[in-house]
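Just so it is clear, A, B, C and D label the chains in written order, and each chain counts residues from 1 on its own.
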Amino acid sequence: MSYAQQLLDTYPGNLNADAALLAATIDALSDCAQACAADTDADLSEQNLTEMVKCIRLCLDCTDICTATGGVISRMAEYDPSVARPLLEACVAICKSCGDECERHAHYEHCRVCEQACRRCERACRELLDALE
Amino acid sequence: MSYAQQLLDTYPGNLNADAALLAATIDALSDCAQACAADTDADLSEQNLTEMVKCIRLCLDCTDICTATGGVISRMAEYDPSVARPLLEACVAICKSCGDECERHAHYEHCRVCEQACRRCERACRELLDALE
Amino acid sequence: MSYAQQLLDTYPGNLNADAALLAATIDALSDCAQACAADTDADLSEQNLTEMVKCIRLCLDCTDICTATGGVISRMAEYDPSVARPLLEACVAICKSCGDECERHAHYEHCRVCEQACRRCERACRELLDALE
Amino acid sequence: MSYAQQLLDTYPGNLNADAALLAATIDALSDCAQACAADTDADLSEQNLTEMVKCIRLCLDCTDICTATGGVISRMAEYDPSVARPLLEACVAICKSCGDECERHAHYEHCRVCEQACRRCERACRELLDALE
């Protein structure tokens, strides 16, 4: 069981969503931020750098947005849909773009792994968005 | 002239918005992230902590979202409206909430200063959103 | 197997340390950053806020330092001991302080969980420091 | 006057260093994090990408470490030299490396600007380290 799940199970305040769903999203965001940071660096080690530039930029965006989203949805006691919803939508969009770009480079194992992290995170953010409606 | 302005003036790629407007937004985001981080800590030093909890949470959200937005709009070469627009909207919303909450504590000089940073950042993000339409 | 491990197993450049050790440290840093962010918020929901202030500040420091360290050690191709060593030392120190403070509040389940994340991260960073010597 | 200076002038707790020196360091860290993020993206737009890879990696490290250091020294009420000193030392080291690498590319205006931000941040962190002794 992840720390996020354990922490939400013992949260002293009110949550605006199912604890297991929130925890799964927090874990997916954290894993995706990390995978994209690592993939950025792996991309920079490839020979055909020019073809990797778009992937690098999308991975950097994805790390930044997943990190911020993970922070915000860890503070659900002040949950505000006017903030959380567009943030999750931005996260869905960048995970989709970054996952698509990584898929184009899936002959590189590191991009294949990063694609999986992006797809899982995109799904988790969509599910949380639906649950928050 | 800020580093952001100098860097955008010499940017080797294409920008999707006026360089001066982008630079002003990047500066406002960076200043707001910093002001909210400092205000979080100042809030934690006040006597009436219970009344400051909402302000602390909003400042933490605002720091996270402004930091991510600043990163993303610094990488305009891969500008994607499906990512940048909701992210800027989330940023406008949290700067508004955090500015409003700081205004409620404006008898504390640190909240008054933080409110100014949030208001300026909210305006800058709105202007960039309009310009990107 | 974590994304970090999968990504390092397929890293196209040179690593300056054992891939399994690096991956374990990256995972521990990411988990600790997340646990501390969640514990900050749980602390803010407790009644005896004044007693939690130190814990909140240390958790915020721990999140910031673990996030930066995770980023830096994910870019091992430019490994520079004059940067990585003091950064890992700062990380060991804050994980120790934050873990000790959380232990003092271990009657709160969220602090008990956060303590575990800090202790594991402290150990992982120490092991990596030893391996890099 | 920067927000950092205004916020420290009204800080309700105790500071472990001169407010003007702290504020100057916080500003330099924030500006350097931002300049390095922008320089990363400008580097990615250059033709001779292979020569820019080291610069990109160092800029990414510099952004991460400056961001974390800025957060930690904004929370001086829990100042702990065993954390702050190695963190500032890591920051001095990465600003030095990144500034040196940017100097090698100073024919690119964006690297010349980024070098200035790194040099100023390195100096500010050194001065704070001396003052904290």
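Some observations on this one:
Quick note on the criterion: a residue touches a chain if its C-beta (ideal position, glycine included) is under 8 Å from a C-beta of that chain, and two chains touch if they have at least 3 such contacts.
What you are looking at is a predicted structure, and each value in this text was computed from that prediction instead of being measured.
Taking A-C and A-B together, the chain pair joined by more C-beta contacts is A-C.
Ranked by how far their CA centres sit from the centre of chain C, the chains are topped by B. Our note on geometry: chain A versus chain B, Cα centroid distance of 21 Å, whole angstroms. Residue numbers of chain C whose C-beta contacts span two or more other chains: 41, 44, 57, 60, 67, 71, 75, 77. On chain A, the positions that touch chain D within their shared complex are 40-41, 44, 49-50, 53, 56-57, 60.
Interface of chain A with chain C (complex): residues 2-4, 6-13, 26-27, 30-31, 33-35, 37-39, 41-42, 44-46, 67, 70-71, 74-77, 108-110, 113-114, 116-117. On chain C, the positions that touch chain D within their shared complex are 54, 57-58, 60-61, 64-65, 67-68, 71-72, 75, 77-78, 80, 82-84, 86-87, 89-90, 93-94, 97.
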